[in-house]
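Read through the structures below before going on.
In the two assemblies presented below, chain A is common to both, partnered first by chain B and then by chain C.
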Partner chain A sequence: MDLAREVQQLRLEKAKLEAELQSFRESASSATVSESCSLRDPTFCPATWLSGGQHYLDREMINRYSRQLLVPAFGVQGQLNLLKSSILVVGAGGLGSSAALYLAAAGIGCLGIVDHDNVELNNLHRQIIHSESSIGNSKVNSAATACNALFCYRINSMLKVVKHEVQLTANNSVDLINQYDVIVDATDNVPTRYLISDTCVALGKPLVSGAALGMDGQLTVYNFNGGPCYRCLFPVPPPQGACQRCSDSGVLGVVPGIIGAFQALEAIKIASGVGDPLSKRMLILDGFSTSIRVVKLRNRNPDCSVCRDGSQITEREIQELNYESFTGSSLSDKSPKPLSVLPDSQRITAKEYFDYLKEGHPHLLLDVREAHQYAISALPCSLNVPLAKLEDRLPEIKAAAQESQIIVLCRRGNDSQLAVKYLRENGKTEAVDIIGGLESWARDVDPRFPIY
Partner chain B sequence: MDAEFSQTEGTCGRVKVLFFARAREIAGVSETSLGIDGAESSKTIKDCIDLLTKQFPGLEEIMSCIVVALNQEYADQSSLVKSGDELALIPPISGG
Partner chain C sequence: MGTDSVESNDTVHLNLEFGGGLEILFGSIKCHSVDIPLNSGSEKLKMEHLLVWVRDNLLQERPEFFMKEKSVRPGVLVLINDCDWELCERLNATLENNDTVVFISTLHGG
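Take a look at the complex of A and B:
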């Protein structure tokens, strides 16, 4: 309660100081060189200094942004344009971390951040805007705190950070995106990419789209200056499984950082009106060999179902679309829905497997994950044969199992079902799998088992 | 590892093929070289893709959503290729 009162008190003081500052500013700008300008006060300077009142960078702004004011192509006008701009970063993950921090630091006027997730430990290797102290808290709050920290000694921050702690959906995308000048797609899934692109077409907003996976990155500016939209390039969504998730395929932390920084660059260029944005081109980063290619893209597809002239998608049509069923995947990069291939009679729980172990039940534990996943953590005495190698190595598996039962295990209990099906079709009719895989084992039997 | 698959020694017309992201994972190599000589004098990107999916059957699953660039420019499947051209297969990636 005391804390609440203190916060209230500080708010009142802040409002008072802001009002004072505003009146100082007003009196300062009305005079050529205001008497009330106190150069002894380091936090305050009159709004107009130079260029016959043409620009409105105060002393601190000039100092803060001096190194980019010195870039001839950018200069004062670029900075002033930027200060007036509002940019929405959708996703406060690996791409959003570096994009949002650079945008906040560069001096945009308003930064919106959309995310509905909480910070997890396995985010921190790439989502550098968050820290250990934010684990379990909302990403939007954590990201906003980091961006505001760049201005923590300012009485009146030059940056307005707007937190949107929601999942972007067909119902809210128009309202959210409409509030901003430039949109940065820093999301991690296919349906949201289509949703953002469609909404940007409907509202005529430039879209800076980035993506990263493994050691690969991609970057394009869509729906800008007659360039294509996402659907012009990818009218057909990738089949399930063809567009992988970071949580399955992994991502080297710095790769989204690089692409996110590129996204900030493109957004800054569009917002400031400086340079040649990456429209009608796609940058492809191959982090493995450190090569960057820029591929010239097609113009807008005259037959595009979304952006073709005269019949662009409408706000109402977006709300009526089901992006998840269109793409066959979920609006978040969470674990895939569990497969249901086997009947219950061909499956056991992690606890039941633990009982087998205690009873000394003879069996072969077959772990069908890829070898690099098996190397992360595995149960003792298991044989690793990746699902894709099952057919080739069947004789080896049969020799190892002899007459005993084969119990199949994987990370989440999906591949293990496919493996059991195959084994049963090929003579090992007793084979069963462990429901929920190693994740269940860690949850229900051995909490010390490292999961990833 | 590229050498196993590439057949760059030939004297006939060849196209260099670059695989990106998932396409590279499926092919198991980052590039290969495709012989384009045959009965017909002209070959299209579609012909090249047919040859590639024969060599790397897994590519089939992503072909519907792939961007193909010919000499670093977006190209339709009906575009003609000639010896010395570079073809890039670019599937979308969506992680972030």
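Take a look at the complex of A and C:
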């Protein structure tokens, strides 16, 4: 009995010793591998991580992009494609801010940014790539600095940012756009949109187009995979006056941010070859009610004047087109040229109006801006009747003015001319307006008056 | 035959939406639920007839910013049940009860 128990005890001890020996052998062999690697090259040890596949992503790139490498549909191949790609963002404004930042962060190879403007204080609520310290400096420099900051601790940045501090024109669009794989239209005006689309057709480049105004946004991909170009959808430009600008109609800052982020998504998808880009479809965002609809668009128009089969627009034809006269509007979103409806005798300057006030000249100051603009800032003792309501409220105006002169005011001195013309045609023959409106008042009389 | 069915035969109920700034021409109201009377003698409502009805009954200002000749002005997309009207016969498209027609002005701001 005792002998049998002793044999059993010895067998257990033997098994335990054998397990320890096996464990010791395994750890000794792995120590040999890492020791040999570190002896050869302390930073490079392919045996520890290259087993999954052949690629050049180093340890830091894998760490930086790990969360999108983990997206099954994107993965290593999506990232490798992206790192080889070059994307041009035209416009470093509200759309371009979020588009450029996301593209830079996502790991594209080369990011081009085109803009000819400088940063202003009233840009900052939506153009989040810029900061107060950039006010007065070029948007391209400011945007490039923000994108490069994502890689500021790397000696050899994975991202190349190319600054194009120019206005895109028919003379330079081909040379600029030709350098890139995917184009992002983040501009703010009609003629530039036609110019970019035509150039993308001539060069065969996919175009990710976004736009935002007020609380509305729109997004689509043109000239991709047999889909339409901008002119297939809009062969004729809209009439002058039908296009609203951010500087007149306003824009809630986050709305272009959302659309710009969507543009980055579409550009990343095209550049990486992942997913279904928004070609032949348009995304329409209504930020007011938070609704998004994606609608089905027409196919490419076989009779399109620009992208029709076999006779697409050429680079030379683009250079010969005058996009400003075609659309009747300027290649930048600057204030329109002042109207000239009234003769000089029916107009006074802001300084002359200031003299009227000092002399106690009896008058009615009529402010014809929209009520929501009047609420921002207004001169005291003025009556607000928006231009569109002038006809309805004429009796009220006449009652307020009685026999005294009516002096009409607006933001820039355009609507005020139309109002004076109407008032003079309807009995108030002594009405005049203030040249340059409240902007002139702030510039020439009272610099403390807040303009917007 | 009840009165209700007579009425529903004479009118087509539509949901109209205006966006992209076009709503300004319609008292800044984006969504309109409307019953469009059919022209006498016609059994179907066509887009061409709808445009005229909208201009005469809903539009409040500047008709030239909504229509040009018989169609919408350049720069306005028309969507019938979320589909570009180019894909469904434009002015000749037939509208059914409870269809949604969206008029959207293209945006250019950025």
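What we mean here is this: the second predicted complex is superposed on the first by the 400 of 452 C-alpha atoms of A that agree within 3 Å, B and C clash if a C-alpha of one lies under 4 Å from a C-alpha of the other, contacts with A are read in each partner's own complex, and residues count from 1 in each chain.
Assume a contact is a pair of C-beta atoms (placed from the backbone, for glycine too) under 8 Å apart; a residue touches a chain by one contact, two chains touch by 3 or more.
The shown structure was predicted, so the numbers you read here are calculated from the model rather than taken from an experiment.
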> Here chain A is shared; do chain B and chain C fit on it together or clash?
Replying inline: clash
>> Under the stated touch criterion, which partner chain does A:Ser345 make contact with: chain B (first), chain C (second), both, or neither?
In response: neither
>> Tell me the contact category for A:Ser325 with respect to chain B and chain C: first, second, both or neither.
In response: neither
>> Quick check for you: in the superposed arrangement, does A:Ala388 touch first (chain B), second (chain C), both or neither?
In response: second
>> Looking at A:Gly93, would you say it contacts chain B, chain C, both, or neither? Reply first, second, both or neither.
In response: both
>> Taking the stated contact definition, name every residue in chain A that is touched by chain B in one complex and by chain C in the other, in rising order.
In response: 91, 93-96, 186-190, 193, 210-214, 216-218, 233-234, 236-239, 241-246, 249, 251, 256, 282, 284, 286, 288-289, 293-298, 333
>> Which residues of chain B touch chain A once you look at their complex with the stated criterion?
In response: 20-22, 30, 61-62, 64-65, 67, 69, 72-74, 88, 90-96
> Mind pulling up the chain A residues that touch chain B in the complex?
Replying inline: 91, 93-96, 186-190, 193, 210-214, 216-218, 233-234, 236-239, 241-246, 249, 251, 256, 282, 284, 286, 288-289, 293-298, 333
> So in the complex, which bits of chain C are touching chain A?
Replying inline: 19-21, 30, 61, 64-65, 68, 73-77, 79, 82-84, 86-87, 102, 104-110
> Of all residues in chain A, which touch chain C in the complex?
Replying inline: 91, 93-96, 186-190, 193, 210-214, 216-218, 233-239, 241-246, 249, 251, 256, 282, 284, 286, 288-289, 293-299, 333, 388
